[in-house]
Amino acid sequence: MKVGIIMGSTSDLPVMQKAIDILEHLDITTEVDIVSAHRTPEKLFDYGQHAHTRGINVIIAGAGGAAHLPGMVASLSPLPVIGVPVKSRNSIDGWDSILSILQMPGGVPVATVALDGAQNAGILAAQILGATNTDIRDRIIAYKEELKQKVIQGAKSLQ
Amino acid sequence: MKVGIIMGSTSDLPVMQKAIDILEHLDITTEVDIVSAHRTPEKLFDYGQHAHTRGINVIIAGAGGAAHLPGMVASLSPLPVIGVPVKSRNSIDGWDSILSILQMPGGVPVATVALDGAQNAGILAAQILGATNTDIRDRIIAYKEELKQKVIQGAKSLQ
Amino acid sequence: MKVGIIMGSTSDLPVMQKAIDILEHLDITTEVDIVSAHRTPEKLFDYGQHAHTRGINVIIAGAGGAAHLPGMVASLSPLPVIGVPVKSRNSIDGWDSILSILQMPGGVPVATVALDGAQNAGILAAQILGATNTDIRDRIIAYKEELKQKVIQGAKSLQ
Amino acid sequence: MKVGIIMGSTSDLPVMQKAIDILEHLDITTEVDIVSAHRTPEKLFDYGQHAHTRGINVIIAGAGGAAHLPGMVASLSPLPVIGVPVKSRNSIDGWDSILSILQMPGGVPVATVALDGAQNAGILAAQILGATNTDIRDRIIAYKEELKQKVIQGAKSLQ
Amino acid sequence: MKVGIIMGSTSDLPVMQKAIDILEHLDITTEVDIVSAHRTPEKLFDYGQHAHTRGINVIIAGAGGAAHLPGMVASLSPLPVIGVPVKSRNSIDGWDSILSILQMPGGVPVATVALDGAQNAGILAAQILGATNTDIRDRIIAYKEELKQKVIQGAKSLQ
Amino acid sequence: MKVGIIMGSTSDLPVMQKAIDILEHLDITTEVDIVSAHRTPEKLFDYGQHAHTRGINVIIAGAGGAAHLPGMVASLSPLPVIGVPVKSRNSIDGWDSILSILQMPGGVPVATVALDGAQNAGILAAQILGATNTDIRDRIIAYKEELKQKVIQGAKSLQ
Amino acid sequence: MKVGIIMGSTSDLPVMQKAIDILEHLDITTEVDIVSAHRTPEKLFDYGQHAHTRGINVIIAGAGGAAHLPGMVASLSPLPVIGVPVKSRNSIDGWDSILSILQMPGGVPVATVALDGAQNAGILAAQILGATNTDIRDRIIAYKEELKQKVIQGAKSLQ
Amino acid sequence: MKVGIIMGSTSDLPVMQKAIDILEHLDITTEVDIVSAHRTPEKLFDYGQHAHTRGINVIIAGAGGAAHLPGMVASLSPLPVIGVPVKSRNSIDGWDSILSILQMPGGVPVATVALDGAQNAGILAAQILGATNTDIRDRIIAYKEELKQKVIQGAKSLQ
């Protein structure tokens, strides 16, 4: 099982790296690529049409501004697509990225996460694989336990 | 495989019905319930902690205003949770519903769809099951073909 | 010379008709089609790649919500693309349509007009053709004179 | 009488400290803890259900982003809950924190204060205790007099 | 014990009536008046300065647009003031009412509830009185139980 | 003739100084004071009720956040009141200041200028005095000529 | 003394009529005209350059959408200009009208009133004339007393 | 063929320079000037009325805040006008610039590009000239190929 991670530009990598890191932490294979909806539309088409035939199970797509990458890949692929709104340099406080990923028309969903929420995109991709796979689901359960322990430690440090 | 669909109030049913309908159309079993984060917190806890042990694979949660249901279920369950922001009666143009579902903190994702986008929530749930199941994925491919034919018919009607 | 007018759905036609009407009023040929970025991506590709080889000079594209049609056509075509943000049924007061058309990344402009501003899209298309064609420019000058006279008549009716 | 102060993460402490400080200044006992709605839901439940039986009279809850802590505690406790929207690192200018705390559904109020307004949350907690206690109310009256004198000094410095 | 309920205009009464009704339901005495910050500033001053000496324990103030009533009363009174942002006729989707009540400066809190959330203002007033009064707190507990039963009935109606 | 300039706090002085400076430049007398609507309500009342009897002709009031000073002075005084929305430290991008000054109810106008637009408040005060005084109006005409010459110089520097 | 009232289109008249009515009520002469910044720019120029030489003392300008009329008249005239943001048919909830009137650059103020606040524009115009004219100021004082009495009657009707 | 580039102030030059640069890169003649709608209205009028008679084919106008320059030039000229919303120093996150350029009334379009999107304004100007000129269109095609190669290089650098 494999998660495909794409982004519109190498400038999105600092944000998107957190998706790669958490999936590695959860021991899930990733494949990372740059695909620009607006500058390499042919590559976008090829990626969207063939990702599922190449063995990818879930796609994570990050983009900023008028972010068309997640929605266009969702249009082309039958796989679940997770969209990460990136607060890019010229973004209007992130609103443009969020709305152009979230507000997809009926028939073509994009599973949108928080602004710059690439870590959550990675966890969601794992949860999707874990929907029908108890081994991966157990890793999610263990990860949630890690988070809980950190908060409990933080609470102790207060006293 | 089964999709659990919950909502904060029966008043959300007209919106959420579209998730039920499309999943039925895609021949996927659903289980529907009312769970209010703010009025029945014990039921919320019970639902979140045991959904995956009861055979549910994906959860769709719809709520409006300060919509805490999707995020709280995501906090309690290892399953992927899809959040539907409902534009409820007193919502501020839907912004409150969207932001309180979308902007989850690191560690606890909610797969957010468009405002009142319950149909897309249903399709996304099917895509999640189809991530590792080619039979369901084929139904998605067929459904996308249906959508395409409708647009092509619409274009013809123009001439 | 010809203006190509496309929209994501027949439900956008009531808004987009104003572009068709004003171009007819200015005696400029139009070609109208339905092209959905999300439901007919292959048609979108074909349209974007070949519009200029088929004799189209300017493209007007209208879409609502997470409106990807104008930007994706602009990605595929060397022609100037005018985007009309349509306040569709589930749009969040039009903000989603506006931002996902306007906030294009560097390299791929979309000439965005006001929300539901299809009439202005038609006039802008005529002005684009008139940029290097004095006959069409004269029609614009005459049209602006018509507008002025209507306001002057309105002012007289006040007295 | 005692004010319980909770927050979702130790990273909220710099903001929330102002509530602790002003309550100390007003000579009111506080109890501070970290309770994360999303990472420690069991602790949240325990806190909400038992705060009033442990001798707490008012709860102040601070959280950022999709801030569910104040609303969920309000769902579980019969005590008045004051919510502090924290402008956390990934918050969209604070709008997410504000709306997910303020826009509670009918039946479950959260007394919301300004963005990062922890000082006012502390004063409001004191006013709540002073609603039926003239000793504490007198401290509020004295505090308001302090504020007035500072402004009058500021005005004098201008001349 | 008594809750003072004021509003800027009789046109706010349809919204504010819900505060009166729920307090009556919880068997708490109310006193209702019209006080306009902008049209009757002297009455505002008198009200704010003497409410606590007249036996009022909590104040609920509702206003729309540039809503100054809650904040000005909070400036004048040592009592806890609950602000209800009213979506008045010329309000900009309620944003003006919310922000001019919520964003009070340090030192002068207003306990803000949801847009048009007068019912929650009433419940919050009762919770404030119940902060130090177990009889009233028990009524809140009973009321929360009522809410829970309604949701459970709603859930049953689904099956 | 005299312009009264007030602000809620000495922290507003860096912004408000521009009103003082431009009025000095236009040779118009000013009187500057700190008046806090929320911390010195009695001073606010006294100021609003007596400014016109003390020889003040126009009032400029600057405030941030839930900015009640301009509107409350306008409620108390028959003089024209110019409001300057100040983008204070905890302001939500200035929206709170703008809306709580601009959206005054029918009967009590505040002449609102741009965010942090104290310079324009000063010019507007001069224009108000110049409405019926040709000497002051001539200074405005001369000032506008200064502005024009600066732009013309800027244009020359480009070549 | 005379107040010039202009608007971009006869469709703005239902909103702007309230300015005319209140000025008539205050016994102040008005002159009403239609001047479109975008359709009759020459008339705009003429109006702005000569209003003060024709005996007009204050200008009220109402416009919607990208509302340039108030600012452009302010650019051309030394008189105080009051801008009324009109929520026109295609306006985005009024935000476009407000921001394009309010956010004027340094040097060229527009005295902006609330959305559709033409009545307040009329009162403000009277206050401007009353800044240096005690007869008109007395009418303002009487008008404010009328407003107060109406609220007091409303309060009585409650009991 | 020539593109006229104007801006409201020399402070807009750092943003607008990107339009000059890309047009130079595409070998298209430009003419740059400072024209302030609010400070040099006569120059604005002269520019708008005569640009097309002086051999200019397309106008690019950049401005910030209440940005009236693009719309006023569009009102005066029959040429296509491209508007660049500049995020100026006192702009409210760019919303004022965007809305006062984009939301033009029927009859007078402005081709609006992204916030600070001067580079795209330059490309759009070239596309407009290329609408009826295959030589310029070929430069656009070559430029789009350059963009594509950069993304492909970026993708390679990832491996």
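Read from first to last, the chains carry the letters A, B, C, D, E, F, G and H; within each, the first residue is number 1.
Note that in this section a contact is a pair of C-beta atoms (placed from the backbone, for glycine too) under 8 Å apart; a residue touches a chain by one contact, two chains touch by 3 or more.
In UniProt terms the chains read A, B, C, D, E, F, G, H = N5-carboxyaminoimidazole ribonucleotide mutase.
All figures in this text were calculated on a predicted structure; none of them were measured in a lab.
Here chain E and chain F face each other with the same set of residues for the most part; over half of the interface numbers are shared between them. Fitting chain D to chain E on C-alpha positions gives a rotation angle of 180 degrees, to the nearest 5.
Separating the centre of chain C from that of chain E, both taken as means of CA atoms, is a distance of 49 Å. With centres set at the average Cα position, the gap from chain G to chain H is 33 Å. If you average the CA atoms of chain F and of chain G, the two centres end up 18 Å from each other. Counting partner chains per residue, chain E has residues 9, 39, 65-66, 90, 92-93, 95, 98, 102-105, 107-108, 110, 114-115, 117, 144, 147 touching two or more of them.
Interface note: chains touch in the pairs A-B, A-C, A-D, A-H, B-C, B-D, B-E, C-G, C-H, D-E, D-F, E-F, E-G, F-G, F-H, G-H.
Chain contact summary for the complex, chain B toward chain E: residues 9-10, 13, 32-36, 39-40, 43, 65-66, 90, 92-93.
Listing the residues of chain G that touch chain H in their complex gives 8-9, 37-39, 41, 45, 48, 64-68, 71-72, 74-76, 88, 90-92, 95-96, 99-105, 107-108, 110.
By the touch criterion stated above, chain C contacts chain G in their complex at residues 93-95, 98, 114-117, 144, 147-148, 150-152, 154-155, 157-158. Chain C meets chain H in the complex at residues 1, 52, 57-58, 78-80, 82, 98, 102-115, 117, 119-121, 123-124, 127-133, 137, 140-141, 143-144, 147.
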